[in-house]
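Should a chain be cited, it is by its letter among A, B, C and D, assigned in written order, with residues numbered from 1 in that chain.
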Amino acid sequence: MRKLTRTIVAALLAVPMISGVASAYELVMPTLDYRTGPYAPNGIPFANGYGDYLNMLNERDGGINGARISLLPCETGYNTKKGVECYENLKGEGQSGALVFQPLSTGITYQLIPKASVDEIPIFSMGYGRTSAANGKIFPWVFNFPATYWSQATVFVQYIGEKEGGMENLKGKKIALVYHNSAYGKEPIRTLEKAAEKFGFEFMALPVDHPGQEQKSTWLQIRREKPDWVMMWGWGVMNQVAIKEAASIRYPMDHFIGVWWSGSENDVLPAGAAADGYLSGAFHQPGDNFGAHDDIKKHVYDKGMGLGDRDRIGEVLYNRGLVAAMWTSEAIRKAMEIHGTNEIKGIHVRDGFEALEVDEARLKELGLANFTIPVKVTCENHEGPGQVALQQWDAKAKKWSLVSGFYEPLRDITGPLIAEDSSQYAAENNVTERSCN
Amino acid sequence: MNERAIGAEILKVEDISLSFGVMKVLDNISFDIRQGEIRSIIGPNGAGKSSMLNVINGFYHPQQGSITFKGETRKQMAPHVAASHGIARTFQNIALFKGMSTLDNIMTGRNLKMKTNLFWQALHIGPARAEELENREAAEKIIDFLDIQAIRKKPVGKLPYGLQKRVELGRALAAEPELLLLDEPMAGMNSEEKEDMCRFVLDVNSEFGTTIALIEHDMGVVMDLSDRVLVLDYGKQLADGEPDEVRNNQAVIDAYLGVPHE
Amino acid sequence: MTFFIEVVLSGLMAGVMYSLVALGFVLIFKASGIFNFAQGVMALFAALTLVGLMEKFGFPIWLAIIGTIAVMIVLAWLIERVMLRHLVNQEPIILFMATIGLAYVLEGMGDILWGSDVKLLDLGIPQGASDWMLDSFDIYIEKLEVFAAATAAIMVAFLAVFFQKTRIGRALRAVADDHQAALSVGISLHTIWVIVWSVAGIVALVAGIMWGSKSGVQFSLSLIALKALPVLILGGFTSVPGAIIGGMIIGVGEKVAEVYVGPFVGGAIENWFAYMLALVFLLFRPQGLFGEKIIERV
Amino acid sequence: MIYRETGQFKANYQDDQALFSIDQDRYVIFGILFITFAVVPYLLNQYWLNAILLPFLIYSLAALGLNILTGYCGQLSLGTGAFMAVGAFSVYKLMVAFPELGFIPMVLLSGLITAAVGTLFGLPSLRIKGFYLAVATLAAQFFLIWLFNKVGWFFNYSASGMINAPPMTIFGVIVTGPEANGVAKYYLVAAFVAVFALAAKNIARGRIGRNWMAIRDMDIAAELIGVRPLIAKLSAFAVSSFYIGMAGALYFAVWLGSAEPTEAFDINQSFLVLFMIIIGGLGSVLGSFLGAAFLVILPIMLKNILVDGFGTDSALSAHIEIITVGVLIIGFLIVEPHGLARLWRIAKEKMRLWPFPY
């Protein structure tokens, strides 16, 4: 019915319906995906994982607590302007209105942060977006758990320290950062500078302009400076080219660590065998050997409702989308629990997020045992655990696998930075800090 | 028609030489133009006639020689100086602003008469508006004079050749020049159009008292209109004087018989 | 010192990679005065088609290449039929705009036909650093780019012969000067355009293959066009050798700047530096390094 | 006979000079203004105002600016994105440094700053022409963006180089920042656009405009009748950049609310605005609006029809959308190479003569 009216109205006016005909209460969950444009190769698997999981909930459990999820994808092409249009278009959808947004782009996240607080819709920028949004007192509507870029950077430093045989051995070492020359890529710089002061290693940052197909000069500089370790904050084609270049100059792959957005199959496959041993950050397992994946295959793909190819289930970015969907749906479930109703809105989901707790036991119930770290989000801490592990690429088996435990971030470094950046935001946009008790 | 008062010299060029690389286009040309006269420059194609005009209004910069206009002597002219001191011209191959209407072309010819600044123009009130209107009056006078009222609002690009030539003359007149350089104003016209054009040239000269330097191939026209004629051939000065002298000048006759032309 | 040499060499190589893209622009601009905005997308489209034929239909490499060439020729014919034919004698800017429309269409088609994932392109082209250079001189040279350079050389030679010796080639040169002249050679404008666009399409395929093997075939391929623009201004829109030499100058210039100046100003200067470099050249030669001189007259 | 002129006689040149010498034109314009200011804001919901009309109006302003430079003065420029960035970062610094200045002065000031920068980058145009110039302006594009991305001072050293627009009020009404209501924003932008569209029209039909067009049509002849190329070209760059700068300021402060230089003002922005004026019509104020509508509103409409209307999946509809736009571009150019504005004029001519064929 809704579709029909929509069709008519749209055909006449091309206006999205303000609200459909009252049917069963649906949980409106928009997804801003990008299946087109230069970053599509990364956007597609994430969107598939996110969508497949939620569809699976619909098919298997008839939604969350029996309330069906209506998934509304909107194509952004990783373009901020389109992202904003999508947000404005979808925020008012249905009876519930959009419950939560998953912008899937640092640029779009920055756009939505101020808007969300007004429209009272939580933003779940999982492991990306504005790091200082970890401070829930200033950013009540933004969640970036399970960890931020800054935490991740400090984790990498610790890993390096470990490999070098102790943090003290970092002194005099040289660490380079190859970064996407944009808001996203710049995020870790300040943290790493602080870390460099603290541990006395030499830090050099090498920007790569979008899209990053031509990185000769970057890698020539790495050849000249001969850094002991290289980190990368890359996205899209930049990852593949960088890994190839690194291979070409025979840079030891096990000293080359990418952010968790630079660690998917797409990124390493083009470099072939040469990519063997390349490292990247991670906060969840790769692979499809989990109950949830089986359910997706059974309830979604067997019914021919799968968004992607069956054999690509379990790719890193697919699982990232899946885990995002899992946490989101858990937050919604929590919100229903807290407010004792299925008829929730964005504002309630925010409470759900702030009371979110997904521990080992719960993961097991969800068919995701050991899939990821236990997460506990609170009113002031929106980053949650902030723990990060490292995964490594095995070129022969064409498989990623976690090669380290989960590290605690160096909060003594990130803490002050987060406080500083968030308070600057508060000052510029005269946001008043809220109290959390 | 020669009861018009011919005054003192208004322009004087002295041994002008101009060359592009090895090619010598003008070689030691000297002549003068007197207030109020009609001065023709003739010569076979490639004689350097147009180049001479280009030198006079500063589009070409001669390597040697001097130009004296209204008493001021310069080694070379600059286009805006020439324009602002009252030299206007038309072009051999029409150089109208094709995208603009007849009226706008002529109004553009008056741009030096208009002064109001960007701000007033943006508001289009007060001075800007007054200025626009009074110049419109002037432009309309010219339009009436050339009687092209009918094509006032038409884009010139679409006009027939003859009319375009006329509009171009109008654009030059709009500047109310003291010295008007006409580069083959009648080229490619049929005899009627030529007669009209001749009439316009004479009227301009007599009514507005504008001094005219004319390049033309049609000997008949030249001999009828001109007070004095300068003859160029391959950049060299062949002869200079009243039409009759020139007509009987042996060098000129040779040059012309030697060179075929339309 | 060896490092400087290495930088210069890499610059030259990178430059040639740009030239591969620039060539396509030059061909079309030379013969039809059209600034073909779609050249980059054509490279993407060609590469996508190539991979598609190999993956989806299991063509062997040689067949796939032939197939792709055929597709590009058909495309050229369509472009002439549907678009150019109706825009004869329009101002350059209009034709430019038309090619933008074309770019949009190709972009969409490419994605719909072959999907938006990264596709590996492996034609067995040598890749990675040349071990010999690395071991004996400690100089890093990318095999792929050497191969690309060689290809470019062959292609330019071929084009030179094509333009000088063949009747069609001469006709093309004639068109460049003026359309009437072309007709007098006895070849219709339409045919010529189809030919030029086909050739440009094949050049695009080569560029697509080289860049595709470098980074995998994906949308970003279409963005390499931007890298070709400074090369174009520098070399002049109408000169084939200009495209190559311009490419080398830009390549060396930007790499040297990035490596030796970049670190002091925060890096990522090569993009604007390339344009600044081109701009400086233009101020001295407004028609580009090899463009025909403009003489103004009234 | 919609456009019948008979009986409308011009008694004096004043009337003939009038902006819209045909009555119907005047009615149409007043009608549009009335709808723009009195109907639209109350008819349409926030989505339309925020997500469709704001960008449309702002892009129209930018297109107006570029049209002055490219359409009227014939100087091709691909620096639009960067000049918008100049406007945006100027207004940002002003908002943060002198909040008491008031928003409207800030926007105007940003325009002036951009005008200065634009004039500077216009200098090469005195020597370089056509596509060569276009590509030369790309130097400005890439350099300025790099600058805004690198130099911390511009974005107050925020961690990621993003800039956020703090809330600003005009007569107590919030016009920037998240709390700003769509209607307020809409009125502000619409007012800016209306005023400066009129100004552009006036400049274009006055002496300065004619000199620009003279340079465009035949620069040598123009010079020989006393138009100074230096002044004409640089003034065009200045005025054009002034418009684009204001557009950039509104684009960042009123519409987006936050921006990062490398994405919001990248080269595609420059191309987009150029496409607008070519499609809309070079050298036409109306064309700037039509072009902006074509490239801002049409794609969104297509998307909404496909996705919401026919439930096409978002990726496919994105492809169909871009193809459709491409086809339409080619189609329109074939039908009328001189842009939508010319189409409208032709239609008007027809209506004037209707029912007689000619």
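Basically, a residue touches a chain if its C-beta (ideal position, glycine included) is under 8 Å from a C-beta of that chain, and two chains touch if they have at least 3 such contacts.
Since the model is a prediction, treat every value here as computed from it, not as a measurement.
Look at the CA centroids: the one farthest from the centroid of chain A belongs to B.
A summary of chain positions shows that the Cα centroid lying nearest the centre of all protein Cα atoms is that of chain D. Centre-to-centre separation between chain B and chain D, using Cα means, comes to 41 Å. Centre-to-centre, using mean CA coordinates, chain A is 36 Å away from chain D. Centroid to centroid, with C-alpha atoms defining each point, chain A and chain B lie 74 Å apart. In chain D, the residues that touch at least two other chains are 149, 220-221, 224, 315, 319, 322. Shown for chain A are the residues in touch with two or more other chains, namely 35-36, 181, 209. Within chain B, contacts with two or more other chains are made by residues 59, 91, 95. The residues of chain D lying in touch with chain C in their complex are 76, 124, 127-132, 135-136, 138-139, 141-143, 145-146, 149-150, 220-221, 224, 267, 271, 275, 278-279, 282, 315-316, 319-323, 325-330, 333-334, 337. Looking at the complex, you find that chain D touches chain B at residues 13-14, 16-17, 19, 199, 202-203, 205-211, 213-214, 216-218, 220-228, 235, 239, 283. Within the complex formed with chain D, the residues of chain B that make contact are 57-59, 79-80, 82-84, 88-89, 91, 95-100, 104, 107-109, 111-112, 114, 116, 118, 121-124, 128-129, 131-133, 136-137, 140, 171-172, 175. Contacts from chain A toward chain C in the complex involve residues 35-38, 40-41, 44, 181, 204-209, 211, 213-214, 216-218, 220-221, 223-224, 236-237, 240-241, 244, 247-250, 266, 269-270, 274. Looking at the complex, you find that chain D touches chain A at residues 45-48, 50-52, 55, 96, 149, 156, 158-162, 164, 166-167, 177-179, 256-260, 262-264, 266, 300-305, 307-311, 313-315, 317-319, 322.
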